[in-house]
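These notes open a run of structures that come right after.
One chain, chain A, links the two complexes that follow: it is found with chain B in the first and with chain C in the second.
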Partner chain A sequence: MAKVMLEVKELTTKYITRFQENIYAVDHVSLKVEEGKSLGIAGESGCGKSTLALSLMGYYFPPLHYTSGEIIIDGRNISGMEPDDVRKSILGKEIAYIPQSAMNALNPTQKIIHFIEDVIHAHESHVTKKEIYERARKLFEILGLPESTLQKYPVELSGGMKQRTVIAISVLLSPKVLIADEPSSALDVTTQKMVIKMLRDLMEKKLIKSMIFITHELPLLYNVTDDIMVMYAGQIVEKGTAEQVVFDSIHPYARGLMGSIIVPEQGLRDVKLTAIPGVPPNLKNPPAGCQFAERCQYVRPECKAMSVNLRELKGGRAYRCILSEEELREAYQNG
Partner chain B sequence: MERYRKYFLNKLSWFLITFVCAFILNFILPRLMPGDPVAAIVSRMAQGMSNATGVQAIYQQYTELFGTNKPLLQQFFIYVNNVLHGNFGFSLSQYTRTVADVLGASIWWTICLQFPAIIVGWLIGNTLGALAAYRKGGFDKIIMPISIFVSNFPAFGMAIILLVIFGVGLKWFPTSGGYGFDLIPNFSWKFIWSVIVHYQLPFWSIVLISIGGQAIGMRSMSIYELNADYVKYARFMGIKDRKIIGYVFRNAMLPQITGLALSIGTMVGGALVAEIIFSYPGLGFTLLNGVMGQDYPLISASTLIITVMVLSANFIIEILYGIIDPRIKAAQAD
Partner chain C sequence: MAEERKVCLRGSKLTKVFGLGRQKTVAVDHVDFSFYEGEIVSIVGESGSGKTTLAKMLLGLLNPTEGEVYFQGKKRDIGTHKKKKEYWKNIQAIFQDPFSSYNIFHKIDSVLLDCINMRGGRKFSHTKKVEMMTEACGFVNLKFEELTNKYPFELSGGQMQRLMIARIFLLKPKILLADEPTSMIDACSRATILDMLMQLRKEIGMTIIFITHDIGLAYYVSDSVYIMEHGKFVESGTADEVILHPQEAYTQRLINDVPKIYEEWDLSTV
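Coming up: the complex of A and B.
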């Protein structure tokens, strides 16, 4: 059995607003990513995807606060560590992050190579500038980025180049887990494809050991990741392999996500587009019972009465609904 | 590089065009003032003389000397020619002294008062602003209102408040002049001490005014930069806070540098109020005397100094900014 690179157990984090309200944006999330595997996290905006990405790194700054749960990277539990230790020995080195807006992720008044020096020096103090340059040059070569990029300022790079440079910097120290938070959503389709190819390259060339890819486009994940997790209102609502979640989703929300996006894949091409009515609940006052009940077309009175647990199926599959798999499938059959 | 040269030449030609226009205005505007300064000199010279033809002769001689009997256009060309030779003529109100002599005596007072005051005010203001942005909380809540309060004082208001409290009330510092009236400038310890004591009130009146504005500007720039995406990314790459703060303040500082250069450029004009209130023997005070005495050559020369300083400061910022900020350089090259 493959080694588990990242294991998260019942992680809960919250935002504390300045009026001292607690907003639980990540609610008892558990996940597991094995070596050489990638996990996709999908959901519409405001459902806690990006907060989960931030929470996974074990480094919290206001307004985000840790509440409970464990994060284990390659057998090492980082949940109880001092923030300064997390920063020095975990961030960038064990777990790396590609931000949502790579356009502004680089300091505009610093040359790329100087930022790379700062990143490496933050973790390894006795490295000369020459060695760093050599390392950066090699990495850029492997990733197909021109060496001249190193001597440039971020403004001198195009959007796609900036994004790819950020990805290259993120994997400088060969992290065990790479978290990519919507790395492609601000880019045009051609560049998107390039970025996704680059991320797959990273896995193939073993520059990273595992990856978590976050996006609001569920079908995109089918081409990128092995497993998919669908989030809604800070909770996992469905979990399974990419194939299962994309083509055979159980939870009404996951189905709704698939139904609301144009998919050129065979077999899904003729499906009529349907939007999910309504908006995600306000997490300041989350509804009792199923979080999705308000928007669910198969809702029953008991949905709103009791809280719903994640139902584990065999093969790592899971979904969060009071109805059984058979009941749901029957409901879908009848429209 | 070729593009940058073009940019440079473009800026340089604008510099020259502005300079010529300002030069012409500097010459014409004082001379459009009503009144005859030569008559004032003559009446001073001819005190006690009752002979009208004698007075007339003296008047003739002086108009001849100052060239005020010639048409304005001709005067202008004489002036241009003289300025090109470094000759700014005689001061009318302090006749027998040349303009160069009058300005030479006063400009150092202004530079020594203004330059340190601007730098100190800028440094304190920016440090406070940056700290307020970084520390937030109580520190910010105290610094901000004080800054807003202080920066909205008119310059003369602050000068008069200091004058009343520390000069008149507490009698800690003298109320006017650059040094004691009973002293002759020399390098004795007594004279230097007198200069230092006289220096304090005008100096702090300028510093206090500039701190507030700088702190407010720096605070908002820093808050903006602290929330920038690159800060978050650098944190998640494990870079130490100290380093990240270095990035942030360097970037927040860029617009503040423009402010610094501009206030150095406008330093002579800015000195006016403090110098007048404290009768400080600097350029601003001299300019005021020039205006009172309708001293065209002195006014023209003073305003020429101000023009040159403002223009040079702007020009230097435009050229240097591209070097400090790569974003501007990219925009300049287009």
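Coming up: the complex of A and C.
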């Protein structure tokens, strides 16, 4: 059995606003990523995907606060650690994060090599600049990036190049888990493909041990990750292998997401895209029952009355609905 | 049907060159095209292929270095500001980034009121104006009562983009130029936006020029597709022709670069 790289148990985090309101953006999320596997997180904007990514690092700064739950990276529980310790011993080494606008993360007044020196010096003192350069050169060679990039300023690089450089910097210390938050959303399809290929290479060349990939593009997730988790209003609404979630989703929301896929394949023009009406609930005062009830086609009176638990099926599948799998399938068949 | 189609916008040998001498960049290189009335046309290409430069020339925001644009059979004349304003009644645009499309100091009401005024509704009574704004917001599934007296930054990206479409609904231009209208918003709102654009075409019969790098989107919405590479159209034709039976290697590459679901996605060809 493969080693579990990242295990999260019932993690809950909240934002505290200026008016002391609590917003639970990550609500009892449990997940597990094994060595050599990748997990995709899907959902529309504002459903807590990026907050989950931040929470997973165990590094909280206001207005984000830790509430409860456990984060275990390769057998080591990091929840409840002091932020300073997390920064020194966890970030970069154990878990690395590529933010959404990674391209803007580079200081325009510094050369690329400077960022690399920064990362290594933060974790290992007594490394000479020469050694660092050598290490960076090797890494860039493995990843197929030109060595000349190291001596360039960020403005001299194209968007795709910057993104790939940021990815390379984030895996310098071979982290156990890499969290990629929409790494390709601002790129065009051709550069997007390069970035995806690079992420795949990282896994194959064992530079990272596992990956969490966040995006709202389901076709992308399907091609990159082994498992997919669908989030809605801070909760997991469906979990399963990529195949299962894409072709055979159980939860009405996951099905709605599937309806918005556009791929240039025969027959697309005959398909009518279905959009999910409405917007996600305001989490300042979330609805009492099912969070999706307002927008659900198959809503029943009891949906709004009681909270809904995640139903575990065999093979690691799970979904959050009061209806049973058979009832839901029947409803889909009848339209 | 082919005979009765009227050409709405035509370009001949349209060229834009930036820079001089050795720094010279030919962004758009002698392109010829005819867009017909009531048609949805897509211009597809990767970043840096000159799509947006072409769009800006069509809008009259950039002067072409060479070539002419013909609007409804006549040579376009936007020499003076007044003429330009007249031209903009016929051609409108939705841009990529909804967050920077609005003036942050103006309330949503004034955005919509400007449109009514531009269409000669300056003398309408207040109730009539509110009625029109409510109708336009209703068209894009927004509630005017919730929007009135708000500022654009209080809306989400999808809502802003929908408000953009509400503007278009009020203005009823002949041509709408949509420059990557869905690339900054998520997949769920994307379907809504596309649907609204299609509905808008049905309702007021306008021509939509859709600029995108996602060939899947182009295939879904458009009647005809132009593929652009290095400032030139390398392939054009109906959507089915171009996307299901691409002739050019460049088109094939673009199609290969989009992640697929039912077919294998080949990652080796990067």
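Operating definition for what follows: the second predicted complex is superposed on the first by the 326 of 335 C-alpha atoms of A that agree within 3 Å, B and C clash if a C-alpha of one lies under 4 Å from a C-alpha of the other, contacts with A are read in each partner's own complex, and residues count from 1 in each chain.
Note that in this section a residue touches a chain if its C-beta (ideal position, glycine included) is under 8 Å from a C-beta of that chain, and two chains touch if they have at least 3 such contacts.
Just so it is clear, the structure is predicted and the values come from calculations on it, not from any experiment.
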{"item": "Joint occupancy of chain A by chain B and chain C, clash or fit", "value": "fit"}
{"item": "Touched partner set for A:Gln110, first chain B, second chain C, both or neither", "value": "first"}
{"item": "Partner chain in contact with A:Gly159 - chain B first, chain C second, else both or neither", "value": "second"}
{"item": "Chain A-centred angle between chain C and chain B, computed on Cα centres after superposition, in steps of 10 °", "value": "70"}
{"item": "If touched residues of chain A are counted for chain B and for chain C, the larger one", "value": "C"}
{"item": "First, second, both or neither for A:Leu273, with chain B first and chain C second", "value": "second"}
{"item": "Partner chain in contact with A:Gln192 - chain B first, chain C second, else both or neither", "value": "second"}
{"item": "Chain B versus chain C as contact partner of A:Lys88, first or second or both or neither", "value": "first"}
{"item": "Partner chain(s) touched by A:Leu220 [first = chain B, second = chain C, both, neither]", "value": "second"}
{"item": "Contacts of A:Leu31 with chain B and chain C, given as first, second, both or neither", "value": "neither"}
{"item": "Shortest CA-CA distance in Å separating chain B from chain C in the superposed model", "value": "8"}
{"item": "Complex contacts: residues of chain A adjacent to chain C", "value": "44-46, 159, 187-194, 196-197, 200, 216-220, 222-223, 246, 256-257, 259-266, 268-269, 273-277, 279"}
{"item": "Residues on chain C engaged by chain A in the complex (per definition of touch)", "value": "46-47, 141, 156-158, 185-192, 194-195, 213-220, 239-240, 243-244, 253-255, 257-263, 265, 267, 270"}
{"item": "Chain B-touching residues of chain A, taken from the complex the two chains share", "value": "57, 59, 61, 87-88, 90-93, 96-97, 99, 101, 103-110, 115, 118-119, 122-123, 153, 155-156, 166, 169-170"}
{"item": "Chain B to chain A touching residues, read off their complex", "value": "228-230, 232-240, 243, 247, 250-251, 254, 324-327, 330"}
